Amino acid sequence: MPDFNLSARQQALQERTRAFIAEKVIPYERDPRCTAHGPSEDLRQELISLGRASGLLSSHVSTDFGGLALDHASKAILFEEAGYSPLGPVALNIAAPDEGNMHLLQEVATPEQKERWLRPLAAGHIRSCFCMTEPAPGAGSDPGMLQTTARKDGDDYVIDGTKWFITGAEGAGFAIIMAKLEDGNATMFLADMDSPGITIERAMGALDSCFPGGHGVVRFDGLRVSACDILGAPGEGLRYAQVRLSPARLTHCMRWLGAARRCHDIASDYARQRQSFGKTLGEHEGVSFMLADNEMDLHVARLAIWHCAAVLDSGALGKHDSSVTKVIASEASWRVVDRSVQMLGGQGVTHETVVARTFADMRAFRIYDGPSEVHRWSIGRNILRGRKPTQL
Amino acid sequence: MPDFNLSARQQALQERTRAFIAEKVIPYERDPRCTAHGPSEDLRQELISLGRASGLLSSHVSTDFGGLALDHASKAILFEEAGYSPLGPVALNIAAPDEGNMHLLQEVATPEQKERWLRPLAAGHIRSCFCMTEPAPGAGSDPGMLQTTARKDGDDYVIDGTKWFITGAEGAGFAIIMAKLEDGNATMFLADMDSPGITIERAMGALDSCFPGGHGVVRFDGLRVSACDILGAPGEGLRYAQVRLSPARLTHCMRWLGAARRCHDIASDYARQRQSFGKTLGEHEGVSFMLADNEMDLHVARLAIWHCAAVLDSGALGKHDSSVTKVIASEASWRVVDRSVQMLGGQGVTHETVVARTFADMRAFRIYDGPSEVHRWSIGRNILRGRKPTQL
Amino acid sequence: MPDFNLSARQQALQERTRAFIAEKVIPYERDPRCTAHGPSEDLRQELISLGRASGLLSSHVSTDFGGLALDHASKAILFEEAGYSPLGPVALNIAAPDEGNMHLLQEVATPEQKERWLRPLAAGHIRSCFCMTEPAPGAGSDPGMLQTTARKDGDDYVIDGTKWFITGAEGAGFAIIMAKLEDGNATMFLADMDSPGITIERAMGALDSCFPGGHGVVRFDGLRVSACDILGAPGEGLRYAQVRLSPARLTHCMRWLGAARRCHDIASDYARQRQSFGKTLGEHEGVSFMLADNEMDLHVARLAIWHCAAVLDSGALGKHDSSVTKVIASEASWRVVDRSVQMLGGQGVTHETVVARTFADMRAFRIYDGPSEVHRWSIGRNILRGRKPTQL
Amino acid sequence: MPDFNLSARQQALQERTRAFIAEKVIPYERDPRCTAHGPSEDLRQELISLGRASGLLSSHVSTDFGGLALDHASKAILFEEAGYSPLGPVALNIAAPDEGNMHLLQEVATPEQKERWLRPLAAGHIRSCFCMTEPAPGAGSDPGMLQTTARKDGDDYVIDGTKWFITGAEGAGFAIIMAKLEDGNATMFLADMDSPGITIERAMGALDSCFPGGHGVVRFDGLRVSACDILGAPGEGLRYAQVRLSPARLTHCMRWLGAARRCHDIASDYARQRQSFGKTLGEHEGVSFMLADNEMDLHVARLAIWHCAAVLDSGALGKHDSSVTKVIASEASWRVVDRSVQMLGGQGVTHETVVARTFADMRAFRIYDGPSEVHRWSIGRNILRGRKPTQL
């Protein structure tokens, strides 16, 4: 029977995370180590220490690896709170792409791979990157266009190709690399970033500045990888991408919901205080309607996320539901941030508050993990094939 | 902990109602007794008989009065199914305004009043109307502008005034009348419609044609009502209006969600079959994106309704939450219907399907029980006062 | 050099038409001869008499046939004024489909055909219909799917097929019929509606009620047409459809712009007078913002229409520009009417004003003469092919 | 009579400016001297030299001061072309705030003031700033809240106060300062930026990076200004703000229209070339519909700008029309840029193209020179007072 109550544990997580962000993380937002290419490694380590002390670090990982083994429903609670600051996901070691990489490793890596790569990653000692997207004519929204190759050579594989938009590449400890075998089947490989044959060609300038390491162009020139560094099984790359995709998509929704709520709260405070034309800004209907629309958008985004989390927790792959949720949540959160900018007026477009930064950080969310258009196409196709919405 | 599963009873209700609408009600949709002022009384009685036989009649009413005593969460399930046909709510005796009137009577009427008015109403033998809205300069969205007066005269009250947009007035057995006492306090009265002093001045032409009795202008000229026909207590009119309002608003959302889903289903079928420019309509992304947007709108409307139902079931008055839900659901359902019209092309604007009729029927939903603008104003004001969204 | 001044003649036309509509036509709006299938023939004749007396009848037709030989730019002025009342285009004999049919006949008919069909049509003595759209699997938005056939039989052609959404069929004096020859080429034929072999199967129920004769399903069973009743040349049907299409599309935009302006004016008046929550409705920003949006939508629709009229007056076919203008104007006008309904509250959805009627009348405009989606597709394709916007 | 042809001179200006931007300016877009606070003075001077050589410099200024004395209609042509590159307005010395300041000086300054300040500004030798906006509780959208004071002291005035969002303050040669006299009347003063008593407290971080000098917080501490450095007459500050405002607002619209067109062109090229799911991106309707919407938005923005230019050229103050145009053009241009980002996918949010930069640069345009909400309020109020749209 539909129920919207948080469990006692979820309430406790919510309160603890909220307090942690407010008290420990937000004070760092104006730290000069927040650069155009994300928080510096130095700052990241400082934040991770705080996160570790809070007992909330890497909460989606199993307890064996130091996490809280949260299910998706509980992640929805904690991650929204973490997203309330652009530095929150970093401090709690649940930022993209590390968070999704940990999830993937946990699901498909061998015990040896987990020890070697998951353990230090979950502890926040190192970062990672996920090398999938390629420049034209390679794989973008359409994974079928993969160009990077992995050629068998004795017991090893030799990887050649170029990837871009590789978030966190600069400074990452290791990479998960998608490449196609000679039979055309996509396969994932693990490799330390200091391996010979990996070059970061350049950092890409970007609107966002929330991801440690920014976004890079990564070239593989004869990168030699042992067969035992294949993540899971050969030829399973596209399937694993799906394993990673729905949850990763959903955790993006959770974090950005928190970011949007933050902007709404800042705009609400401003609307309560700023005077204009003889009354507070908020007493102007034109402004209070925007606040109302913000609340409604936050509400539907949250409900859709909670629903999708329940779908994933039921064991379903959730491809359709995570598409639906991603479009709803990314577009709703975006509207919230855009309206918050507007309500703040001149301050909305300057760094007087965190809103302008969130505006720049969030724009890409309507694009990565599938642009809205690809999801709409996929949802529409499912409808045409007779798929009914998931009823739990 | 958030949960989106239906209980076994809810699933059974959903299936039974769905089957009832499909098998018994939809065949009546082209019955010529569906007039511009709603289904005729004759047709209504025929439908009510079917509803009674189904065991699903007046399901929101207590079992004492023949209903199923459904909570709001279960109404959300059944009423959505009922709304799948414009005749469904009539057949199950859960159409506005009777449904809300039954709810109100159950909450505040005396045992004698219940026997006299609720019992035959819940049985579907008679209809009722709710006389609140007045022509300018009287009460519209702003109930503070009430002009109709009730003057004490011995043990009786004498009511004078004019009401309009009185849904179902023509043919109703009785009315609930909002009037203000000499001390200015709004009070509700019960009166049989054939009482001397009640005149239906005229039927109003309207876009919709789903409400039995249409919409009328009702005049009270010295209508004499006994003090024991005050509904509940004197001076409590505005409070009772609130008692009625949130649930009535929410049941509107439920029924119209079903209507929107129907239109989406019709458009989906059409998109699967109709050929255009060398492929099916649905294979055009421009159309499949509309289908995807429909599904997302239906999804958020449903989630918001379920959430608000849980709020009401928790015992809260739910004024804020029902405002939020009403705007979300009315605007989302409207977009669904508008897109469905568009996808159907020429057929969308003709009575070849039920979509054009739903389009005309539903437009008023963005206005009655509070136009979107009044709700946005109220939601915004609550935010400015520091109200947080309801967390259960 | 861009200029937005009306010429003296245009100003005079504007003023005369505006006065004619206000004084002569609007009083007929509540005439009971306005039926669900449009104004009766009786009423139409009465209105045409007034139009004739005004000297503004059939103004787009050449002076030889009693018109004013207006260019497109001047039609934009006069037709907008005519559209200010749902009966205005009827009274001035410039309603669809007659207006477009007159244009087409004037462009491509033989002198004999003009005498026989254009002259009485331009005089308002008879009406006409344009038989193009077919039920599935025939021609809808995609004219290539034409199913109606014209088989050569001696000097005659024998036409078989079914058409629907044939506006004005009931009561029309003659039809223009699109059919394909045995070689597959589309051809237009002229035929009196009382010819053997033409049957109006049924009237279609529709949202709109502004077109005399409503919309019908028309069947041709062995309709025999003489070769000299081919409109223009055989095999030129699709080209002629284009000749008719751009101007007809644009005159729809003009008339509906007038209708939208009317709704805006009614809503503006209401917003000035109606009190709500202690001030006039218009003093609520939520309402005044809607008025502002209305004015902006009317403005861009008018500018786009004037621009497209200039393109057509320059001698261009204007297919791309009329697509652009049709989408802009139909969607902008629709938003105006929808907002006007909303501002009027309960009155907006009843026939207390002409707004609800316009709402129902106008919805089909986003569909006929090409749904927005077909135009967007066509505009997008032109952009991809490198087409630049028309610069005059 | 409405006409949309460019004059021969306008066509020539369009072609020359288009070529200048393409050949001379665009190559500088990746110059490292483009900083987060705008192009460096060094780069600006280099661009100005090119602009001077092109003969198109400061084209809105009278020929006496080295310009082309363009009317508003011709500015609409040239400025749109200039805006095609973020560096274009700088190169042609028509960027905000200098362009508006030149206009204002030309309209109201004394001959001596013009020689001293307008001449070097029009020549591009120096820059200027306009000191109006203040931190809370001072003047933002509501100029009535002005806090900065100018106290008469002998023949001089002494100015105290703080201004922020002062575009171009850093590096400006002089400032126009709005302050209120002891009688409360707003007055404009001219002062060299190196005067004692002017301090740039700090540079403000901002989303945009197109304005030389960025945005600063400027403090006046006992700034002494001679009475002969009052701009025009005392007490006329608000009126002069209006003189500056409508044209400045409109030139913003022109430049940003060019910027939006650039983004659309880049997205169109990408849609023609990039492959996705077996066809070019543009062959997906979801993308081609966005291209179509872009073209329509560009079209209505241009038409509205041209119309408003004609209103201003007719001698009208154009306050209402420039409000209407500003909302239409700023929102339409914004939609174009946002869609272009979306179509470009990952590249849209990185500095691989100029689109992401334009996205960040343009957001403030919906806020400065009056946020959309203030304009909607003002437009709505004018409607309620019975104002009709300007007909020329």
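Letters A, B, C and D mark the chains as written, and numbering starts fresh at 1 in each.
Everything below uses one rule, namely that a residue touches a chain if its C-beta (ideal position, glycine included) is under 8 Å from a C-beta of that chain, and two chains touch if they have at least 3 such contacts.
If you want to know which protein each chain is, UniProt gives these names: A, B, C, D = Acyl-CoA dehydrogenase family protein.
Model, not experiment: these values are computed from the prediction.
Visitor: Quickly list, by label, the chains bordering both chain B and chain C.
Guide: A, D
Visitor: Determine, using the mean of C-alpha atoms as each chain's centre, which chain is farthest from chain A.
Guide: Between chain A and the rest, the longest centre separation is with C.
Visitor: What whole-number Å value describes the gap between the mean CA coordinates of chain A and chain B?
Guide: 42
Visitor: With centres defined as the mean C-alpha position, give me the chain A-chain D separation in Å.
Guide: 37
Visitor: Could you tell me the distance, in whole angstrom, between the mean C-alpha positions of chain A and chain C?
Guide: So the centroids are 52 Å from each other.
Visitor: Would you mind listing the residues of chain D that make contact with two or more other chains?
Guide: 284-287, 289, 373, 376-377
Visitor: Mind listing the chain A positions that touch chain B in their complex?
Guide: 1-7, 10, 73, 76, 268, 271-272, 280, 282-283, 285, 287-293, 295-296, 298-300, 303-304, 306-307, 309-310, 324, 327-328, 373, 375-377, 379-381, 383-384, 389, 391-392
Visitor: Which of the residues in chain A end up touching chain D in this complex?
Guide: The contact residues of chain A facing chain D are 133, 136-137, 140-142, 144-145, 164-165, 204-208, 215, 273-277, 284, 286-287, 341-342, 345-346, 348-352, 356, 359-360, 363-364, 366-368, 371-373, 376-377.
Visitor: Using the touch definition up top, name the residues of chain D that touch chain B in the complex.
Guide: Residue list for chain D touching chain B: 284-286, 289.
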